[in-house]
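Before I ask anything, let me first share the structure, which is written out below as structure tokens.
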Amino acid sequence: MDHHSLIEIEAVSKHYGPARDGVLALRDVSLRIRAGEFLSIIGPSGCGKSTLLKMIGDLLAPSAGRIVVNGKTPEAARRARECGIVFQTPTLMEWRSVAQNIELPLEIVGAPRAERQQRANALLDLIRLREFAARFPGELSAGMQMQVSIARALAFRPAILLMDEPFGALDEITRERLGRELLDLWTKTRVTIVFITHSVPEAVRLSDRVAVMSPRPGRIERVLAIDLPRPRSAATRDLPRYWELLREVRAALGLNEPK
Amino acid sequence: MDHHSLIEIEAVSKHYGPARDGVLALRDVSLRIRAGEFLSIIGPSGCGKSTLLKMIGDLLAPSAGRIVVNGKTPEAARRARECGIVFQTPTLMEWRSVAQNIELPLEIVGAPRAERQQRANALLDLIRLREFAARFPGELSAGMQMQVSIARALAFRPAILLMDEPFGALDEITRERLGRELLDLWTKTRVTIVFITHSVPEAVRLSDRVAVMSPRPGRIERVLAIDLPRPRSAATRDLPRYWELLREVRAALGLNEPK
Amino acid sequence: MRTLDWNSEMRLPTFVRAHIQYILIPFALGLFLLLWETIIIVNRFPAFILPTPREVAHSFGANWQSGIFPRHLAITLFEIGLGFSIAFTFATSVGYLLAKSPLLEKIVSPYLIATQAIPIVAIAPLIIIWINTGSVQNALIAALITFFPMLVNTIIGVRSVREEYRALMRSYAANRWQVFAKLEVPAALPIFLGGVRVGITLAVIGVIVVELMWADRGLGFLINFAQGHLDTPLLFATVAALSAMAIGLYLTVVFIEKIILRWRRSVQ
Amino acid sequence: MRTLDWNSEMRLPTFVRAHIQYILIPFALGLFLLLWETIIIVNRFPAFILPTPREVAHSFGANWQSGIFPRHLAITLFEIGLGFSIAFTFATSVGYLLAKSPLLEKIVSPYLIATQAIPIVAIAPLIIIWINTGSVQNALIAALITFFPMLVNTIIGVRSVREEYRALMRSYAANRWQVFAKLEVPAALPIFLGGVRVGITLAVIGVIVVELMWADRGLGFLINFAQGHLDTPLLFATVAALSAMAIGLYLTVVFIEKIILRWRRSVQ
Amino acid sequence: AGEPTPAPLPLPPPPPPTKAPVATAVPTAAPTAASNEINVVMGYIPNVQFAPWYVAQSKGYFAEAGLRVKFNWGFEVDGVKLVGVNQADFAMLGGDQVLQAREKNIPLVYVANYYNGFPIVVVSLKEKKIEKAQDLVGKKIGLPAFWGATYTGWRALLYGANIKESDVKTQDVGFAQVAALSQGVVDAVAGYANNEPVQLRLQGKEVNVMRVADYSRLVGIGLVTSEKMIAEKPHVVRGIVAALMRGVQYSIDNPSDALAITIQNIPEAGGTNLRTTDAVLKATIDLWKSPHPGYVDPAAWAASYKFMKDAGFIKADFDVTKAYTNKFVP
């Protein structure tokens, strides 16, 4: 066994609902994610990406197969608070202000009030929504809500970040800025990131490896190593290898043209 | 006055909440949308795109300014069922099956059952989710839900389609396929489409014009005519003009590099 | 999401867990009867204070066979059914109006609440003079107490309908009836049915209270009569019948709820 | 979204619309009093059947000044407060447990429903023998009827918490208390408070019913006394006081609701 | 349902008019529709103590007088009000109720006596040795309410025996008098002569019974109507009083027949309750027995009035003689 793999997914299947009538979402998926790795998952809608992420985070149990997170069962890992999750929908508590939503995980960890506020402010600055600190989620646009939910996941400095299409609802500028911030954070803290996205360039730009999934019932079709030099910057896009990888990922996805 | 403009937005502002404490979402926005036009709106998160769309659809009232839809007030236009709306979130009724959700607008229009079912099946084929017809929205992935909500908006053949980031949650293949289907539909029926997106290539590929908005409080920064030949196809991307326009839109958005 | 329920009662095999109620419910019933017997033995209560379950069962059997029980039961059931129907109709229609118009709610609700606070005993002569007595009247008065929880839950249910759904219906220019039938009813149902659970239970006690007051028929009368004759076994048999009725009606509502809210299960 | 409310009562200027209740509520009250007087005039009811509002007000004034009213009112208020508190505590704690465990609900709910169907009159002897009579006991018995709507709405409220929120809390490995305090309480509040509205109203009538039965103090006693002495104006004054109390308590709940659920307004 | 075989057992009896939740009769029928139907508010639930009514009904005594009588069950006080506004024609009420009504200008008139003497008693277990009124001092007495006939009777007892209210502890025990007494919650309870003592005896308890009638001349329960009725339809009053008195006499003379007729009307009173019904009937017969059935001595009315006044039940002065008449008594 690879001693560096932090997350091990072995022959995992997931079947929703009753045996006869349900949906087979994932079939026999195996994947190892190394400690400190930035792994992107990309695949068609409904192929089981979110399902896989939830199973790593112990929010769903596999129907078959085994998942190990940092040497523990997903449940033990969850209880040890190894994973921070960004859900595909913002999932903000509508009765809490924006700042309070960001503070929520810190409250649960038991961080002192001063630290919570300071951290929330720092994160609000990061997503440039400081002036919305006291507003309720219902007063934000969809993209703003998603950013708050990203900030919330960052609040609590987990060892593993599971991010389900975090930038899907964002415009390109914000998307790139937050991507840079994420890389920055990753470089500094060597957090392990599992990142679901529909954007091939984004996957290539950010990741160490890209896992490409097949349509439902999902399987891992290919895992591509992104051997672009770090740190990545705007200049990365000038490398021919970048374009090559883009094309490779697109090909793996079954997309015809390079762009 | 331009006699061909179907939707006229004149000096519209929108202020949410109390005068003192609220949010100014839109300031002094003017825009004319011609009959049969495919207009994309692009702009940073929180700039008021959804707000503008809702005002056209008479789901919100402007704080100042005037909107005319097909010669009527937005309210009259709504009552005449001129607009079909795809909301930014799927907004499927969780107690209705997928097929029933698609049939909802037809039920309200009073279409006979047979027609409803036939239309729902056709649309389910379009989004390739026929096998999910009898399932409930909670059993779909986020992207699948969004596709159902697009199908629902198409069910009832309105004169104007207001689409708020309909493809945001979709993978590239589905996105392109549905984009092609949409253009197809548009070509055949000459429906007027107002299309919000965060994807510059998508906006350029699909539209007659692209309206670029500034950050909140939103204004229309520039309106670019996309003078690419129709019908558009994969080959459109080979035209230098396509890349030029891409660059122009990106510049208008304040994005530095062309790719 | 099955595994989300980390309060799932026990770590038992699925089969046992799925059927455990069939063991535990009779067990709880047995425990209850045992407790009852124990109380009698410890306190040395004579039958006219607290009869044994066996005495109660015997009285029930005897009065059932003599036809006394079925007759009164039928009357009370009829009154409950009628009272509940009246209350249901009123609660849903008025509740809907009030949910839609906060102004109307402000104006009307004090009067509705007042009806809840007036003991019927206090206005009995007026009731008798105006509407007379009889089964229909009993039902009407029972409806007075029955409607309120349904009214409140109708209001809360209708107000809980998500704004996005309303926007959707509005974009279709759905008329009021369509908004009501296709959106508000299904969306408000889970909350509304909670009101029905309470309402159906209050209908039982409401009818009994009225029957206790002036009826010469029905289980309320029978309670009164048994009390007057210190026939405590009959009293308890009647109370047991009442309880069984209330439980039965409640479970019926829960059952209907299960059917109507099927979609909820499939989501989780 | 203000304009979404296309049932907004009238197309009046905003100022008038915002303050129209201050015109309409006294108007409705006036109408009510007028109706009352008319009924008396038309039916020629003597005061011992239905006194005029003026006679009632006079009786109220006289008994207030003599100190009779304040004394009984204070006792009843105390009993209502105590009864409601007991019911609240029980309903929230047991309701929460039952919400979390459908199995427990299946086992326990028949017994809880049975308590709702038993007329207190029927078990009065047991109550007197076991727990005696007195303010605390009255409150306890009133709590029996008060708790049920709160219990049901607690269950429905807790069960209505969206699964995504639970997943979120679970991902933080939040403990039970945190899930309860930070998620379930705020999420269930809108529904739960509906139960409180009904509960507080039932607490009033519950206490009165018990006081009518055997108390020598409180507004229930006063009703009984007035009835025994054919003092119908006093009877109606007491009923009016009761109604006012119920309305006041209800509006207090609504007010608290408004404060707690502030976030709802800001969204719409 | 109920076969009328009078069992020759020692029997348990049922109770008479008390207060709230149990209660009295109430009339139905709009006065117009009921022009030839006579509504009587019975003041309690259906019970063997109304045997004379059932007898008069089934033996056709009412019909002979050209009357159709409808019994209404509900609250006693409501009977006062309903007859007071002519919504009901007659009610069964105690003399105390009539006096209280007259004070409020409710024009009721007591036209025939039904229970000779006030039917309230104070019952205690024999071992408590409470035999005369003075023995009550310092004891705790359970009352069903602090108003109504039982309370009035209780006060009349204290008044007649010259005992201060404050010398005796009282507790409102609602309808649970028998239970409260037998379980020792109180030392004695006030109740109806044909109810609580009968039931306690049926439960095998030995009891002492202290009759209010021995200490006071309060007027017992009787038939009451309105002044309007007397003025407009005296023949109806006369007819109903006569028929009722025949019923009373028949019940006294043929108790087993009366029992059978009652059970025909109230099947519940038979079956498991037959013993009780029979014992109550026997105790009630004692209350019916009178040297001059239906008649009340004006002196008793004067004494009642004086007591009610002294005890504070009534405050205003009025003419007692208007509260009753013996002219319809056969």
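The letters A, B, C, D and E name the chains in turn, as written, and every chain counts its residues from 1.
One rule holds in what follows: a residue touches a chain if its C-beta (ideal position, glycine included) is under 8 Å from a C-beta of that chain, and two chains touch if they have at least 3 such contacts.
Remember, it's a predicted structure, so these values are computed and weren't measured experimentally.
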item	value
For subunit D, the least number of touch steps when starting out from subunit C	1
Highest-count interface - the chain pair sharing the most C-beta contacts	C-D
Distance from the mean Cα position of subunit E to that of subunit A, given in whole angstrom	84
Separation of mean Cα positions, subunit B and subunit A [Å, integer]	28
Averaged-CA centre spacing for the pair subunit D and subunit B, given as whole angstrom	49
Sites on subunit C at which at least two other chains make contact	1, 4, 49, 121, 125, 129, 167, 170, 212, 227, 266-268
Multi-chain contact residues (two or more partners), subunit A	17, 59, 89, 135, 139
Contacts with 2+ other chains: residues of subunit E	20-22, 81, 85, 175, 178-179, 183
In the complex, subunit E residues that touch subunit C	1-2, 12, 14-15, 20-30, 44-47, 71-75, 78, 81-82, 85, 87, 175, 178-179, 182-183, 195, 199, 202-203, 266-269, 271-273, 276-277, 280
Residue ranges of subunit A in contact with subunit B within the complex	16-17, 23, 42-46, 50, 88-89, 135, 139-144, 147, 165, 168-176, 198-200, 234, 237, 250, 253-257, 259
Subunit C partner contacts - residues on subunit B that touch it in the complex	54, 57-59, 78-81, 83-85, 87, 89, 91, 93-96, 104-105, 107-109, 135-136, 138-139, 156
Subunit D residues within the subunit C interface of the complex	1, 4, 6-7, 9, 20-21, 24-25, 28, 32, 43, 49-50, 100-101, 103-104, 106-111, 113-114, 116-119, 121-123, 125-126, 129, 145, 148-149, 152-153, 155-156, 160, 163, 166-167, 170, 190-191, 194-195, 197-198, 201-202, 204-205, 208-209, 212, 220, 223, 227, 235-236, 238-239, 242-243, 245-247, 250, 267-268
Touching residues (chain side subunit E, partner subunit D) in the complex	19-22, 77, 80-81, 84-85, 100-101, 104-106, 145-148, 151, 170-176, 178-180, 183, 185, 313
